[in-house]
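Please go over the structures that come below.
Next come two complexes, and both contain subunit A; in the first it sits with subunit B, in the second with subunit C.
And now, the complex of A and B:
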C-alpha cells in the first residue's frame, strides 16, 4: 500500500509538515487546518469527477458532518476529536449510502441538480429550525484529544494532518484496485464496462458513498477547526460551488492535488479578503474562469509538467 | 375564504416574478443547453439598476410614473450589456466543452458579478417604493391588495403570451424550434446558429433582468439577492421540465403557491417544501412533470 511514489510523498510530506508546523506561527497552522479539512471533501469529489460526475450539492454531506459535530457537542457533550469525526463520517456516509440508490442512476446535469436539491432541502430545514441554530448556527468547543484538552491548536492540526494523510493513501490505494480502476473506464464508456461484467451502478454507488464519507469528515474537521457551524458557510449551494471550484483548481491528476489546491484556495481567499474585502468573490470567480480556460488539468498539471521536465 | 384568497394572490405574485426569471433560464437552456447559474446575477443587476435610478429620479423631482419606464429600460440595458458581454466574451469559446464545465464557468461569472454589484452599488440596501406607492391599493373579496403586486401577475401573463407568440407565430420561433430540435441540421439548413445563440442569451438575460427590475419596488434591494432566486428558478425549471416555457409557467405556479401556503400555514417549512418538491420531481420524473415523451436520438 505504501510502495508507490504518491504514498511515499504523502507520508514523508505529511510528517515533514507536522514537524515544521511546530515552529510555525498560529495563522499558518490555521490555514493548513482549514485547507486540509476541506481537502478531504475534495478528495471525494475527485473520485466522482474522474468518473465524469460533478455534484453541485456536496455541501449536504459537508454540512451534515459539521452539524453532527455540533449536535454531539451541544446535546451530548461529546468532546473527543475522534468520536466527533467518526460521528460526522458515519452520519454523512449513511445518508450518502441511502441516497446513492437513487443518485447512481443519474448523470450529467441531472446528477448535479438532484444533489443541489437534496442539499437545499437540508439548508431549508436548518435555516428554519430554532433547535438547530437557525441562521446563526452554533459555537463549538475545542475538541479534546485522548481526554486531554489542548492549550493550542497545534495538536488538532496534527490530528487533521494524520487523518488527511491516511485518507489520501487509502484513496490512492482504492484507485489502484480493480473497482477503483473502473473510475475512468465508466467515464469513457459505460456500456463497455457493463459488457466486461461489472455493474456501473454499483461502482458509482460505492464512489458516491465514499465521497459522502469524506465530505462528512471534512465538515466535521472544519467545524472543529473553525469552532463554529452555520448554514450559510456550511450547507448553502454556494458552498457546494466552492467545493467544486477547489476540485477544478486542484485538478484530477493525483490524490495529493486536493491538498495543494485547498491550501492555494485558503491563501487566495485570505489574501483576496485582506486586499479587497468587497471583491474577494470577484477574485475567486476570476481565478475559477482562468483555470477553466487555461489550465483544465488544474494546479496538479503544472506540478506534473515540472516533474516530467526533471526526470 | 379571506386566508385562501390571500394565499392564492401571494402565491401568484411570487409565481409571477419566478416565472419571468425562469422563462429566461429555460429559454437559454432549451436553445443553448446551458444551465446558466449567473442568471441570478441578471436578476440582481436588474433589481439594483432599477432601484438605483428610480430613487435617483425621485430625488430629482421627476414624476413617479417614470418609474415604470425605468423598470423596462433597466431590464433591457442590463440584459443586452451583460448578455452580450458574457456570451461573446466567455460562453462562445466554451460551446465545444463539457456541459457541466459550462455550468461551472457560469458559476464563476456569478461570483464575479455578485461582487461587481457590491463595488458598483455598495452594501447599503436601496428602496424604490415610488411606483408601488403610486398605484396605491384596492379592496377585493374582503382583503386589501396593492395594485403593483397585482400588476406583476399581469406582467408575467404578458411575458408568457409574448413568448408563446414569438415561438409559435413568427419566423423567429420556427428558427428557434429548429435549433432546439437539431442544432446541426439547423446549421446545414442555413441558420446562423452563433447569431441565434447570442440573441437567445440576450433575450434570456433581459427576462432575468426584468424579473429583478419589476420586483425591486416591493423589496429592499440588498446584497445576496441573486443567491436565493437562482436556486428557486432551478426548482421551477426542474419541476416544469427544462427548456419548456409552459413548463416554467406550471412550475412557477406550483412552487409559488406552495411557498405562499407554507408561509401562511407552516412557516418552518417555507424553503424545505420548495426543494423537497424539486427533489421528488427529479426522482420520479427527471425530465419534469409535464415534459412530453421524447424519442431518443442516436
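And now, the complex of A and C:
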C-alpha cells in the first residue's frame, strides 16, 4: 500500500507537519485543524467527482457528523475524540447508505439538487427544533484523547492529522481498485459498464456511501475543532457550496489535493475577511473565477505540472 | 455441428410495442459453434431480437433458455454473467479513455466480480491479457490513442474486443460492419472472425451486407415483420424467393 509516491508523501508530509506544528503559534494550528477537518469531506466529493457526480448537498452529511458529536456530548456525555468521530461517520454513513438507494438513480443536475433538497430538509428540522439547539446550536466540550483532557489544541491537531493521513491513504488505495477505477468509464458509458457485468448503481452507491462517511467524519472533526455546532455553519446550503468550491479549487488529480485546497481556502478566507470584512466574498469569488479560467484542474494541476518539470 | 443439443433455445418469443409486433412467436435453436447471420430489412425485428436475448428489452412473452438457464427477466448484467455478450450497432466504448484503458477496465471487471472489485486493479496478469487482446484484434498501434479520435472501424473492433474479454459462450454482434468502408470490411471481419474462432464462441450477428453474410456465416435467419421467414444455409437463403423479396428487395 505504501509503494506509491502518494502514500509516501502523505505519510512523510503528515508526520513533518505534526512535528512542525509543535512550534507553531495557536492560530496556525487552528487553521490546519479546520482545513484538514473539511478536507475529509472534499476527499469524499473527489471520489464522486471523478465519476462525474457533483453533490450540492454534502453539508447534510457534514452536519449530521457535527450534530452527532453534539448529541453524543450533551445527551450522553461522550468526550472521547475517537468515539465521537466514529459516531459521526456511522450516522452519516448509514444515512448515505439509505439515501443512496434513491440517489444512485440520478445524475447531473438532478443528483446535485436532490442532495441539496435533502440537506435543506435537515436544516429546516434543526432550525425549528429547540431540543436540537435551533438557530443557536450548541457549544461542545473539548474532546478527551485516550481519557486525557488536553490543555492545548495541539493534541487534537495531531489526532486530526493522523486521521486525515489514514483517510488519504485508504482513499488512495480505494481509487486503485477495480471499482475505484470505474470513474471515467461510468461517466462515458453506463450501458457498456453494465454489459461488462458491473452494476453502475452499486458502484455509485458505494462511492456515495463512502463520500457520506468521509463528510460525516469531516463534520465531527470540525465540530470538535470549533467547539460548537450551529445550522448555518454546518448544514446550510452555503456549506455545501463551500465544499464544492474547495473541491474545484483543489482539483481531482490526487488525494493530497483536498488537503492543500482546503488549507488554501482557510487562509484565503481568513485574509479576505481581514482585508475586507464587508466584501470578503468578493475576493473568494474572484479567486474561484480565476481558478476556473486558468487552472481548470485545480491547484493540484499546478503541482503536477511542477512535478513533471522537475523530473 | 448441428446435431449437438442447442445452447440457446428461443421459444415463442414475442414483443409488441402497442399495435406493432416486433417479434411474433419466434422459435430458434442455436447449437454450439454456429455462426448465425441475422438478416432483414429495417424494422424487421433483428435488433429487437438481439436486445431481448441480451436483457436490454423485456419480451412480452415466450422464453429464452441459455445452457438450461432462463434469461427472460434478467438484465444486461445478469445475462453477461450467464456467458452472453454483445456488441452494438453504434460502438459503445469509453470515448474519453485510450484503447488500452478501455480494455484494461473491461478485463478487470470481467475478472474481479463481487468483492474482488475491491482488489487493486493493476497487475502483471492484467497487462499480459491486455496486450494479448490488443494483438489478436490488431489494435496494438492504436493502444495509447483516445477513442474519440479513432475511426469507426477501430472503435468497432474495440467494441467487439471488449465484449469478448468476459469469455462469453455466445456473442451477439449488432451490425459489425456498419460504418466501415467497403475496402476495409473484409479485413475487419477476418480479424474479428479469426479471433472469435480461436475462442470457440458461438456467434449471432445482424448484418445488412449480403457479401459478408455469404462469406462468414454457417446459417442464416431472415427476419420480416417480426417473423422468421427463412432459416437455412446462406447459399440457399440468399436464393430463397421470400428472402429475395422481403430482405434483399428484388421483385419476382
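Methods note: the second predicted complex is superposed on the first by the 311 of 311 C-alpha atoms of A that agree within 3 Å, B and C clash if a C-alpha of one lies under 4 Å from a C-alpha of the other, contacts with A are read in each partner's own complex, and residues count from 1 in each chain.
Quick note on the criterion: a residue touches a chain if its C-beta (ideal position, glycine included) is under 8 Å from a C-beta of that chain, and two chains touch if they have at least 3 such contacts.
The structure displayed is predicted, hence computed values, not measured ones.
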First, second, both or neither for A:101, with subunit B first and subunit C second: neither
First (subunit B), second (subunit C), both or neither touched by A:197: second
Which of subunit B and subunit C A:12 touches, first, second, both or neither: neither
Partner chain(s) touched by A:82 [first = subunit B, second = subunit C, both, neither]: neither
Partner chain in contact with A:176 - subunit B first, subunit C second, else both or neither: second
Intersection of subunit A interface sets (partners subunit B, subunit C): none
Subunit A-facing residues of subunit B, complex: 35, 37, 90, 93-94, 99-101, 103-105, 107-116, 118-119, 123, 227, 231, 234-235, 238, 267-276, 278-279, 282-283, 286
Interface residues, subunit C side, partner subunit A - complex: 54, 75-77, 80-81, 85-86, 92-97, 101, 105-106, 108-110, 112-113, 116-122, 162-163, 165-166
Interfacial residue positions of subunit A with respect to subunit B in the complex: 54, 56, 102, 106, 108-110, 112-114, 116-118, 120-121, 123-125, 127-129, 236-238, 241, 244-245, 248, 278-282, 284-286, 288-289, 292-293
Residue ranges of subunit A touching subunit C (in the complex, touch as defined): 173-174, 176-182, 184-185, 187-189, 191-199
